[in-house]
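The first chain written gets the first letter, and so on, giving A, B, C and D; residue counts start at 1 in each chain.
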């Protein structure tokens, strides 16, 4: 029931505020004697790093230290603790807004729940926290890779514009930034070569856990599996995936039937809302309930979808590894 | 980690196969000394009962027995066990298809996971299991009601047709049945007067848990919160909900910010795929992998959305009550 | 976090009050396709049944019904629900004491926690609840048996008298009964052929979980592993178990080192307090805090140790099966 | 199910090997806005620090850094991460024995479970890990103190010698050291002013959780509650604690009835085995199963009981705080 722990067997616990000294993650339930490719983990972190075009100019070098769980590069079977220092803290940027709730942000709800006014405290709701998820996801991917399972993602559209060769996600996001606005986006995440049998009905189903993992990412407002929202408009004759001796001949199910993987690719999509931080004046109230105008300064992504792909992949990887381990116990 | 247990503090465990002697639910974590209105639970069960127009003609009287946890009508604080007998079993209907995987069904994945060929065994993936969810949800609603929280749902569209005064969901569903087909649907679920502060970031967020609860219902293929999938196409200036001294002036967030309720109505939508059982011949394989044709006989809803509303409400009620109890611990 | 659920992978949930209509258990996490020997379960229930010499004269026939989870005698991998009706309820016996706290009983604490005055409600603290434990334990034993693991127990002493060929436990217990008194006892439980490697340090250790499982049995006031309490008085040269090429040459560790099984027999002992129900007048108070005398009528075991062996074995079996399943995940 | 996480609501997760760069703890479920007295935490760490007379000469300065969860000294309600560097690593001391199993140590079982030969890897089973427990326990004590609950411990005997004014624990432990031996000990832990009602029957009972928490401490081989092992030899007339209008007039129950606190002091005792590391030659085998002699060098406590009191108190404090928070949910 630890609120900052994700997973059941392969678990990870993140800690750290964006404006504190460091963020980190403790990964537990890791099989022992596995040689961990730390370079791959660094590459994954680089994928989520802001400071690239179209994303927040804040620089995070994201160098990690491993404080436990490895000996001569191999997993011990004990918890692995990664720590990443927060080097580039500029909390001054936030001062002017600190007692006014920023629309679309968690300031209001954190205040109601935890009774802090100063939202530097609420820094857990920052994207900075996802460093730990990406690290855990990279570890999970390394394990899954040895079973042939791979995970990738792509951005389908940014705002109402489809991503194409000419319209890169970065270009589309910058358009919003130039209007002092932000924009949402849609990402597809896909896992290939997932064996059939993963998922534990009826309350720890694969689809339910994926939905939880992805909806729990900041800014995600919908999760679809397979044909997703379109399924509501379909007929049974269209939606049912026929079987041939070569397997399923379509994948409306998105690789999941009855909460269990069916051997087809796992296919899921998430909608991300626009970054709530925008440089335009907005109506709000302060913590005393009085009307106030707020303009959010600081360095912000105009579009969180740009770097959410690696985070969503990470969460999916952790879910799949967890179910892979759980499924071992179903065989006597 | 019990796979058939839902929730963390207010929990319920369902058991029973659709073709076994009974189904039931054990509800735990119930505050004591609460007078339970059993008639309300019966009414909720009646709402999910098939056998009405447009739904499966199978009759389930759904009379329950309470075997524990109540004394003179009041909760003891101990587990409450409800048992509902399966009176109307006709497993004969299933015999012809029993070793051919029915497209869109969980037969294939249950076989791969649990190694049963006879899908009478796999009866946990039947809608019959949801009797327990509806009972637990009714209990949760009774508690929430005393805090002023209410939960309702409505069907937005059936297939590609909007529900209107003229086009009732039942009528639209029957159209599909007359074509020997089935059809999907979209449901909105809404909770009113939810206090701010419910949800436990960063991995037990309210939105993440709702997504899990709803995606875990059979046939659900997408879950949206607030403006949901539309958020991906929006700008920050459109999506951010401004605050005034009277509270939020719009609800794109669907009542949740940073994984915590914000005091606005909780708003969520689910897309349900068409019932996979259709009376037309479909291509499939048998359990030996040989091609086979299958026509699903038996009594089937042409549209699962017709009675999924009460199930979705039940899951949302259980999630909200759970977080309500959890939130008590945040105050020292 | 379900309070009435035991275990992590192989789990069971008990429900039912001693004075309600039935007690039962829902067992989850059971590997599928396992032929379950129901006769063995009946034999185990017979071992815990009161009504034999030296134990409570209350007759419990303990016939169970299986309502789910089995198909043609084999496990489906779904929850197995066992129900045992309460046939021999005589709540009248309890009436005279119902608002006076019985010394040594849970009346006082259940009232303080759950705010019931009538202790018929508190019937979960009755030994009757252990029916479910014995059933779950019998299921676990059947699985463990296929791996060669067996579990047994014996009573070492009753009160201050050693059990011998001449002094059977029943005979010693009857002596106390003849004095209108009750008496405690000490039981040793032993598991043979447990493979090394079971247990998950550092907080889900085998010894910690055994301690929890056994201390959680009514009336147990101490749990020892291996040389137990005597270890405190020993020197390292005495206590350390040397290793030879044939394995350990002694077993002060009781089969557990660092919270992990070492391949030697698991050896544990529990001390049970005397049955608190005695036919002598005792000083107490009523629920208003006023002094009152109480003499407990009804049918009571003079010594709970007589039938606690099978319950303790059951709990140990469930713990071992759980760790056996968990250990499968440690191998990649 | 995170194996290195303890607790249900107030939880802590420890990480770190004794021969790695650091050890640490992440504490979650902490109520927000609580001013944390870090000096008290330092004092508690000082109590467990080795290097005092009669304990291991290894010097651990145990200076911690707080990396998250606090803002201006107050809890944020987010996870608090404490890191303690390992400054005084001398792994050379261990080299000669590294492939021979040390009797009484976890080398053998860690090898069987995790497949490491080099026991530097297995450093989680070291007493060093308890730094995190003491920190979490100190945090819990600070919360409990505001409700008037206090926790203390004393050493009752060392080996077969009672602790007296003349015979301090340190003096008795040194006697064993002079004989190149080690010695066990018995500790009593006591919590005062615990309110009635803590504990969640029937599987999350207060006594069961205490047993788990204490048996999970290295070297503990028995846990007793109240009159403990002596209960087995008692009659009901002796053991039952009578009630008067002033409350219980004796405390054989050790403050717990039916798994729930009864308002009397919680009283528990643990037996600790002698430190397995001794400077005498012992019979063992190496990891290939060949007979070998082993003499354990390095710096070792002759008696782990000397500094186990503060660890046991810490575990008890965490258990009590957890149940205190859980109990809030029982009131509707």
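In the analysis below, a contact is a pair of C-beta atoms (placed from the backbone, for glycine too) under 8 Å apart; a residue touches a chain by one contact, two chains touch by 3 or more.
Quick caveat: nothing in here was measured; it's all calculated off a predicted structure.
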{"item": "Fewest hops from chain A to chain D - one hop per pair of touching chains", "value": "1"}
{"item": "Length of the line joining the C-alpha centres of chain A and chain C, rounded to whole Å", "value": "45"}
{"item": "Euclidean distance of C-alpha centroids - chain B vs chain C, Å", "value": "37"}
{"item": "CA centroid of chain C to CA centroid of chain D, Å", "value": "26"}
{"item": "Residues within chain D bordering two or more other chains", "value": "1, 3-5, 8-9, 14, 29, 32-33, 77, 113-114, 122, 124, 330"}
{"item": "Arrangement of touching chains [line / ring / star / complete / other]", "value": "complete"}
{"item": "Of chain A, residues touching chain C in the complex", "value": "1, 9, 29, 31-34, 77, 143, 146, 325-326, 328-332"}
{"item": "Residue numbers on chain D that touch chain A, as the complex places them", "value": "1-5, 7-9, 11, 13-17, 20-24, 26, 28-29, 32-33, 65, 67-69, 71, 76-81, 83, 113-116, 118, 120-122, 124"}
{"item": "Chain C residues within the chain D interface of the complex", "value": "1, 3-6, 8, 14, 101, 103-106, 108-110, 112-114, 122, 124-125, 129, 157, 159-160, 176, 179, 181-186, 196-197, 199-205, 207-216, 218, 220-245, 249, 252-254, 256-263, 271-278, 280, 282-285, 289-291, 305, 327, 330"}
